[in-house]
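Here is the structure we will look at, set down as structure tokens.
Order of writing sets the labels: A, B, C, D, E, F and G. Residues in every chain begin at 1.
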Amino acid sequence: MEASRPLDALNNARNKRVIVELKNNKQYVGVLRAFDIHVNAVLESAEERVGGEVVRKLGVVFLRGDTIILISPEA
Amino acid sequence: MEASRPLDALNNARNKRVIVELKNNKQYVGVLRAFDIHVNAVLESAEERVGGEVVRKLGVVFLRGDTIILISPEA
Amino acid sequence: MEASRPLDALNNARNKRVIVELKNNKQYVGVLRAFDIHVNAVLESAEERVGGEVVRKLGVVFLRGDTIILISPEA
Amino acid sequence: MEASRPLDALNNARNKRVIVELKNNKQYVGVLRAFDIHVNAVLESAEERVGGEVVRKLGVVFLRGDTIILISPEA
Amino acid sequence: MEASRPLDALNNARNKRVIVELKNNKQYVGVLRAFDIHVNAVLESAEERVGGEVVRKLGVVFLRGDTIILISPEA
Amino acid sequence: MEASRPLDALNNARNKRVIVELKNNKQYVGVLRAFDIHVNAVLESAEERVGGEVVRKLGVVFLRGDTIILISPEA
Amino acid sequence: MEASRPLDALNNARNKRVIVELKNNKQYVGVLRAFDIHVNAVLESAEERVGGEVVRKLGVVFLRGDTIILISPEA
């Protein structure tokens, strides 16, 4: 990832599994299908995790950008 | 959902039952009738749920976007 | 309500009794006379309710949009 | 008040005594002399009230809009 | 103060001693030298007060507007 | 400092030691090298202080404007 | 760093190891690859630290700007 703009980096993660962490301490793990300049994001095959445990399977989920702390491709 | 923009994904959910979760930990489940770029959303046949229990039936409800954490089509 | 934009839905509620819920957990019930794109809203014949009880009658009240969680026509 | 825009309603309250409630639970009661689209407001002959008790007389006070929850003409 | 816009009212307070109250419950009292549309403000000969007690003398202080609740000329 | 705009006042403090206080109650003291209209600021030779005690030396630090409460030249 | 604009200072830190501190008290340490005017930032070879301890290795991480308090090149 040699992108000079943060959203280019998100673009490199498109269609890969990512971890999204929210301000309410929940994690969503799924395939990043879409995002925009507000960092609104759409995951597919998404799971909600709390404390590392899967607590819910959500399928497709739209996450509003202003609740997101970080997005990281799964190792 | 092959949309490349998050709002396209919401558009795919229009007229379907969705779960909307707010920053105050409440859930609203109903038919997504409208949304805009601020993620303001309108649900019909809406129920408010707390901890998975239906606590109130609201009919039509307008939800202000900045209180929304996530929107997900019901499985 | 077949409106495709959330503010159209609010427009359908104009001059009807609505419930407005704020981030501070208070409810205001009154006739929706005005609103704008920020979701600033004006109610007439307004009552403040906490826990379902009327705690105050306010007559006309201007509610600042960024404090509003939801607006729903009274059933 | 037949205004269709919320700020028209505030305009009807100009030069009248109003109650302004802030996010920090304080009330300011005074004559509404000025406001703008951010809902910044200026009161004259203003009193600060907490729990219904006058705790301070402020004369002229500028209140920043983003701290305001509601404005209501005094009954 | 017959100004119809809130910032005109602040302009009338320029070069006078004002009380500025912040969201963190601290007060700053000093001579209002500058402000802008964001309500960023600069005080000279400023004192920080907590609970009515002077806890610090600051000389010149720039206060970021989004932390300000109110500005009032000292009686 | 006879500037009529708050950012002119910050400009007068450029290349001088300033105290920057953040919403999280931490203080950063250092030489103000840069700032912008969002009040983003860069300090050099910066120290982090909590309760008046130096807890960390940071060298150069970029502080995001929306976390800043006040900036004051050191007496 | 003689830059007069804060983002120039961030540019000087590009491709160097930086500490990024968030509003939730977590630190991320990694190589700064990208940032933008919102202070969204991308780190590579990133570690999450809490209380000075490495608690997680993240590889590439996108950090949303509005959660960031400070960015500082590692000493």
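Just a few scattered comments:
Everything that follows uses one rule, which is that contacts are C-beta pairs under 8 Å (C-beta built on N, C-alpha and C of every residue); 3 or more make two chains touch, one makes a residue touch a chain.
Just so we're clear, the structure is a prediction, and the values are computed from it rather than from any experiment.
The minimal number of chain-to-chain contact steps leading from subunit A to subunit G is 1. Averaged Cα coordinates give subunit E a centre that lies 19 Å from the centre of subunit F.
Averaging Cα coordinates per chain places subunit A and subunit C 34 Å apart. Averaged Cα coordinates give subunit A a centre that lies 42 Å from the centre of subunit D.
Taken residue by residue, subunit A touches two or more other chains at 66, whereas all remaining positions touch fewer. Here the chains link up into one ring; start at subunit C, go to subunit D, and the full order comes out as C, D, E, F, G, A, B.
Residues of subunit B touching subunit C in their complex: 22, 24, 28, 33-36, 40-42, 44, 46, 57-64, 66-67.
Residues 1-10, 13, 23, 39, 65-66, 68-73, 75 of subunit B are the ones that touch subunit A when the two sit in their complex.
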